[in-house]
Amino acid sequence: MVGVRRLEILGGVAVAGLLASLTLVLADLGFAPLAALRTLPAANVDVIPATSALFSFTSLGLVFEGIFLTAALLVALASLSRPSDEKGAAVFFGLLLLATLGMTLAAIAADLIFLLLAVEVVGISTYLLVGYPRRDPRGLEAAMKFYIVGALSTALSFFGASLLFGAYGSTNLVVLSQATGTVGYPALALAGYGLLIAGLGFKLTLVPFHAWAVDVYDGAPTDVTAFLAGGSKKVGLVAFFLLFIGPVSLVVVRPLTCVGGVCPTPFDFAPTLQLALGVVAVVTMTVGNVLALLQREMKRMLAYSSISQAGYMLLGIAVGTAPAIAGATFQVLGHVFMKSGAFLVVAAVAGLGVGPLIDDWRGLGQRRPILATAFALMLLSLAGIPLTVGFLSKFVLFSAAVEAQGYFVWLAVAGVLNSALSVFYYARVLKVMYVDPSPEQVPAPPALPLGGIGYARAAAIAIAVVAIVALGVDPQPVLGGLQSAANHFVLTGP
Amino acid sequence: MGALDFLFGWAFLVPLFPALAFVLVGLGGTRMKRFEWGGWVAVALSFAAMVVGVLIGVGEMLSPGTYTDTSTVWLTVPGPVGPFPNGFSLVMGTLVDPVSALMLIVVTVVGFLVMLYSIGYMHHDHGLPRYYAELSLFLTAMIGLVLSDNLLEFFLFWELVGVCSYFLIGFYYEKPSAASAAKEAFLVTRVGDVLFLLGVFIYFATYALAGGGAGWAAAGFKFASGNGPFLGSLVTGASSPTLTVAGLMMLAGAAGKSAQFPLHVWLPDAMEGPTTVSALIHAATMVAAGVYLLAVTSLFLGFTPTDQLAIVAVGGFTTFFAATMAVVQPDIKRVIAYSTISQLGYMVLAVGAGFTMVGMFHLFTHAFFKALLFLAAGSVIHAVGTQDLFKMGGLRKHMRVTYVAFLVGALSLSGIPPFAGFFSKDDVLASVYSQLGAHPAYWPFFLLALGAVFLTGYYIFRAFFLAFHGDRPRDAALPAAHEGPWVMRVPLVVLSALAVLAGLFVFAPPFAHLLAPGFTVGGIAPALQGVALGANVPPVYGTTDLALSAVSVALAGGGVLTAWRLWGNGRVYALPEGSPAAPVRRLLLNRYYMKVGYDWIGQRAVYSVARAADFFEQFVIDGTIRGIEGTFARMSDGLRRIQTGVVSDYAAYVVTGVIGLLLLLLFLGPWIVTALGGG
Amino acid sequence: MTAIPPVDFLALSAILLGIGLFGILTRRNFILLLISIEIAMNAAILNFVVFAAYSGTGGGIGGQAVAVVLVGLAATEVAVGLAIVLALNRVRGSINVAEATTLRQ
Amino acid sequence: MFPIISFTLATLLVGTLLTFAAGRWARWVALLTSVVFLGEASIMLLGFTGLPQFGPGGPGFALGESHPWISLGWLTINYTVGLDGISLVLVLLTAFLQIATVIYSWEESKRPSAWFGLVLLTCLGCLGVFVALDILLFFLFWEAVLVPMFFLIAHWGGPRRRYAALKFFIYTHVASVVMLVALFAMAFYSGAASFDFPALYAATHGLAATTQVFLALALFFGFGVKFPVVPFHTWLPDAHVEAPTGGSVLLAGLLLKLGGYGLIRWVVELLPQGISLIAPVLYVVAMVSIVWGSVVSLSQRDLKRMVAYSSINHMGIVLLAIAVHSPVGLMAAVLLMFAHGIVSGLLFMVSGSVHHTYGTRDIPSVGGITPRTPMLATMIMVGSLASLGLPALISFPAEFTALLATWDRLAYWVVIPLVLLVVTAAFYLWMMQRLLFGPSKGGPEVVHDLPFYEGAGMAILVALTVLYGILPGLLVNVIVQSPVTGPFP
Amino acid sequence: MILEEAAFVALGGVAIATALLALLVRELVHTILWVAVFFVDLAAIYFLLEAPFLGVLQLGVYAGAVTILLLFGVMVTRKRIFSREAATGIGPVPLALALLVIVLVGTAASVVPSSAQPIRPYDVTDLSSTLFVTDGGWLLLLGLTMMGALAGAIYLVREGRE
């Protein structure tokens, strides 16, 4: 194979596969131009699954599949542009695809054990992905931490699942959601949910189950970090969706079953769970933001930012109405482009010989204006500046919380205040890039096209940028779809 | 009304001539190689203004009345405001009535003469384009002020003349004292201005509320004949404290502009400007605008008795107070400046006593003889290059024209018949005298005004003798004096003639119309006296009490003679050591220490407050905010330490989280949910 | 069949979970952490088996099936953990997790 | 009808992008854009006839456009723009200041394309704020102003520019968040089905008085920081002192106006009850700002800092005029905003020119500059006199009507701003005395008077100052063409 | 029955004791031994719970494979097999946290009534039908996990030439 590297072949296959899957998912979602490719009849989507089903196709699940595939696609595409033809390419792309598979399966789960196992597929693949540069002590240290906390969380999740199983005699999500609060042992179930929140909260980097994330995002190869932050962590959110929201699920119990203020269940603990999720959401976004403020390293700052974003997403679950779910999903979608994109830029910049500290980015605005602008756009989006998807997604989310009334309004206020706080650390990066003078010595970029970035990575970044702006300026086509999916999901569930 | 009506329609042209000069000279002046051309442009246009101005004045004499020409809506104030549900319009227009016609004549005539004189006087200065432009702008504004047909327009031009005065006082801006004097003038008058503005507001609201002045206010503070009598009925019904305050605010504005106590401090310092400027602005016209304001106010708006007493008090006191300071001044211009303050006091006094046109008459004569004195002094200064009286001496031999002119001016100022000053000053005294019976509180101020007559005669002749008499200059270093060019001599001659004749104008029927009774007393006197003087009361100047005239002439003559005795030989005496007069002299030379006090207030008190505020700003307000920021940073730093890097700790956080969640879900949660009202 | 109340088994599993957590919090040797995690995992498996064995608690054969799967999963996890620890030992020369703190704060 | 407003936004956006890309031709592109913008603003002025009713019973806006943008099911967000007299005057101000700034900074040598691009972007944001009639759109442009201004300060500013930029950013950002929350809360609590101004207008007037008070207070904080009002003003002097001249011009000329405009558009018009009830708070804050701004100005040595504090004083008067909540007050407030925009722009330009002509802005260390740089001195004089409210210059009619409105509502309290007019005069006069007059001192041996482009930039503003000073009716007649919505107390 | 209860108490006690011992002894090899005993003990409990298949699986996978793996890990990472774990104290905080978890989970579990009746022992065929038919997806996913683990672990452990 003259001129074509091993990496490029493997990666090309991965990219092609992901692209094909994404196309099919889009077709199944009812994207009109791809109607011919539809494999899943519309009648099979968004029906209430049988009580024995392990998986079911919901619009929201398909949306999440699409989101995961997009994240993986971005990362795979960017990974084609690596300076050296590493041996690990096969493992890297293989594990990436496996993790993506696990994520997509999680998105369509209708059974708790199925869900947890799918999450575990993602977990095992990502532990190894983090550690795959097997000579890098930082990467291995990160993998070790990731693994230990991850395994602990797995144990907690399964322990929680066992309690639910004990309470209701089934692990089917529909059974669980319908049974909840009416039969069984509420305390047992609540404890089970508590442990599941902890175990899955690890994936979603909720505080205080988040501490691993910073070190792992920092230590992992940056492309992997992009995948972790943009892709695999969202699997936790999917799990929360499936667990807590459905046709007569825990959280939707409030509007659906309480008629005239009378709730038919003897022990309706949906409000309790909502409260717990709300508390965790607020704590998560606050801690993430406050800690991000003083970070000196770029990746760690972005990691904390990612944690706070998880808090926003969880807010959607705590509120639990269809608009909130749409908002949270939109936030996830936006976050794929923002955060994955940001980490891909970080990887590109690291490839240019720039150090890990934020201050090392001095003067990037002058040296690499296009790259810096792309990064700035991503940060502005993360900060929630208008005309970017980050603003609109937060807006949709918070307004949904306000629409739900009650104390959810205060969740929205907390969210807004937090995004206000977050602006400062993003702004600091902008300042460093554009205001501070360039260092004297600038290392030579590697021998890749486009000044050391490479076509593929540039394309991935460009896709992210275009998506951020496009979704920020005209969100309605996508947002409308998400809203419809969320409505279906609330009505029919997993 | 008459065949001459078209003339009053031209009134708007008068200020436009100097405005054109301002534009031409201001924009084109620096391009002219020989600037005399620019000066002549200004002179020519001011001449045109004078021609039209005098024509209008004559027209008013021949056909007395109030002629308004409101052509432009300046801005529309949306309603509801005050009592006007649909708002009102602020307009720009002209109003010609006897008062403004009188004033117009003064301004245009003196303006032209000073402009002409400047050609010679300012010949050697640089920055002439600026000079002529600013002087033309001043004329524009002053004429605009005179012709204003509403109070807002009045205020607008009032401020503009102030700023022109500022620039012209600071004409020699390289001199720190000039720059400082300019600032001082602006600031002190500004104090009066803002109070004036407050007065405008009060009138606006009060007239509007009373309903009768709706026409006045609805048209935007517009003057209209008939408002005054309305006020008379308003205030006799219930002496409105609001209106009293409004009147006092007008007085404050007038005091600032006309340098009345206690806002008089700026005028002597304003002598830092060129003498021509002193003559035009700080003697004849602008400083008289305060009196004009009071006149306009009394005619169109009216004063309450309390206001009148206050005005009389200010005027009477200032008259004497300023005269005392003039007595010891070594600077020829300052002597005349204090004299101006004192004379303005007479005018204010007359207006306060209810005899508006008497005050205006004194303003009229004063403009000429004071301009004359200043221009004559300018001639002297031009010749010898100093303003210090004690250095001059014996100038009469070299400067015959100036000598005579100054003498005429001094006689007129002192009130020696038949010079112009005699008639007007006599009227002023008579007007106050006529009110004494009605209002005993006027007595002290009448006596002060009488005393000032003596002082006037003394101080102006002291200056006269010191400058012109004796054998030779006391300072040998002075250059040989010589008369100025014809452009300087002509104004002196013309003004001398006016200083002699202006007083006699009252006996000339057309001119007398301007001072006719219908306009003189308005509706104020009834309010004051409780006696309806009616519209046909004989003019005051016709009832001059001969005894009073005799006393005043005697006092003036006494003053002149005292000056002759002390200074007539042109010699200078030193006060003997330990003389009881020495501390008095020091007090007077230091202007009763009022300037020191004001400077202390301005530079120490206010500035200290400002410094303290700045300190507070930087250390308390900003410091608090920095402190909050710092606290946040420290908190964040503390939180950062929880990321120990040890994975066991991370696991511990997880376990803690589990415990927290279980506690929340099993125990606290239901309780909180209940407390929140069911979520 | 046994007359032991299910609560007793549940208490046992809770204690085992506690022990596992305690080990994770206190031990610094990676191998011991692995063991701790396995203890906690076994507590979960035990729970499934217990619930499968009793009626009135839901139960069902599914519980045992889950347990079977979990046993396999736990073994897989151990294998992955060991791979990581070996690689870590190779580059760091230590498997003490308290010493692997390059990434912090 | 031709969508002139959208077209203007689009041309400005295109111009901005082209400027960024234009390299050394940036200034020409920027100038062209500015000229086009000015032309479009003039077209708006010409097309501004009558006020078509926007919705049933709602306030009318001219040249309005409305297109659906985002739908949340229970809430619609539209792209809605339109003009009334108030916004049109401020649009004109934007156009004027933009072209003046571009010309003034013609020879900007430090990354000119970025400089001109950011200047244009700031103006674009301000234009958007002034025409937006939807909360989200409004906020979008509001934030869009923040970012370029941050960079203008942080990159082209003085020695402490980073601190100043950060401070500016923190303050305005915190304020804008509070504002955003309050705006959204207003929309949500009123139950409006969309974020449109007309829809809100129909809904918010029905809000309970207490709700209106809370919302009005929160919004007042949000907009007040931008004003700025004491005690949230300390960002302003620092930002101004460190900002480059062009940045200062835009900051004082346009950014401060955003607060005033926002307060009128989103509080006064939508929460009439709320604004009436919190008026005492506003009065106190306004009075304190007036006093504080003026008194602190008096002690400043730095010319720019002095002008900055004087801005606080002037904006205090604007706030006072808004707070009295009467038609004349609002008219005066808008007029004064326009006036202050032009005049403070001029003053910051002269400050900048003093700085780079004489190497310092420290007032006591330079003196007697009039003979050395007569043009500059003249500009300083005109600016100072305009700022202290000299008739025939633009501030006078504005301050006069503002004080009249204050008198109309507050009677003798008007003495406070009146007396402070004297203090304002005092610090300007003292500055002129020290800086312009007296013997020459300080500065380099050879100084050159204003370069042509700086003079031209100032001349535009001077011309406007005089034009609108003499004929304020030109503006007032536009301003009053606003469906300013009672009920007034 | 007393016998079963006694067996439960004994097996439970042994499980707790061996788990603790495994964590607290300082010789790593001893740890492995105790863990092995723990696993065997659990297998016995599974038998007690009428889950013989699971008990066998436990013996095979845990007591067999996992223990060997752990031992292998100890051998590879230690220069000497009988090296000691550095002494680490039993901090009060971890102890308290662990106890709290036990108490809270125990409290939640205590709601399960003691009246719950054991159900008939399952057939292994029931289990297999569940495992391979009804819930076959679980094993599929387990397989995926193992696949990833296999590939990744081998790559990670291999020395490689880089």
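Miscellaneous remarks
Each chain gets a letter, A, B, C, D and E, in the order it is written, and its residues are counted from 1.
The definition used in the following text is that a residue touches a chain if its C-beta (ideal position, glycine included) is under 8 Å from a C-beta of that chain, and two chains touch if they have at least 3 such contacts.
No experiment lies behind these values; they were computed from the predicted model shown.
Common neighbours of subunit B and subunit E, by the contact definition above: A, C. The greatest centre-to-centre distance from subunit D, using averaged C-alpha positions, is reached by E. Greatest centre-to-centre distance from subunit B is found for E, with centres as Cα means. Of all chains shown, D has the CA centroid lying nearest to the centroid of every protein CA atom. Counting contacting C-beta pairs between every two chains, the top pair is C-E.
A separation of 35 Å divides the Cα centre of subunit B from that of subunit D.
Inter-chain spacing, taken between the CA centroids of subunit B and subunit C, is 96 Å. Distance between chain centres (mean CA atoms), subunit A to subunit D: 42 Å. Taking the mean of the C-alpha atoms as each chain's centre, subunit A and subunit E sit 32 Å apart.
Each of residues 170 in subunit D touches at least two other chains. Of all residues in subunit B, those touching 2 or more other chains are 640, 643, 645, 647, 651-652, 655-656, 658, 662, 666, listed in ascending order. In subunit A, the residues that reach two or more other chains under the touch definition are 113, 117, 120, 124, 127-128, 131, 134-135, 144-145, 148, 152, 156, 159, 163, 166, 185, 187, 190-191, 195, 214-215.
By the definition given earlier, chain contacts exist for A-B, A-C, A-D, A-E, B-C, B-D, B-E, C-E.
Subunit E makes touch with subunit B in their complex at residues 93-94, 97-98, 100-101, 104-105, 107-108. Per the touch definition, subunit D reaches subunit B in the complex via residues 170, 230-231, 234, 292, 295-300, 326-328, 331, 368, 370-371, 385, 389-392, 396-397, 400-401, 403-405, 407-408, 411, 414-415, 418-419, 421-423, 425-426, 429-430, 432-433, 436-440, 471-473, 476-477, 480, 488. Contact residues on subunit C toward subunit E in their complex (touch as defined above): 1-23, 25-32, 34-36, 38-39, 42, 45-46, 49-50, 52-57, 59, 61-62, 64-69, 71-80, 82-87, 89, 95-96. The touching residues of subunit C, counted against subunit B in their complex, run 21, 24-28, 33, 97-98, 100-105.
The part of subunit A that touches subunit B in the complex is made up of residues 144-145, 148-149, 152-153, 156, 187, 190-191, 193-195, 197-198, 201-202, 206-212, 214-215, 254, 261, 269-276, 279-280, 287, 290-291, 293-295, 406-407.
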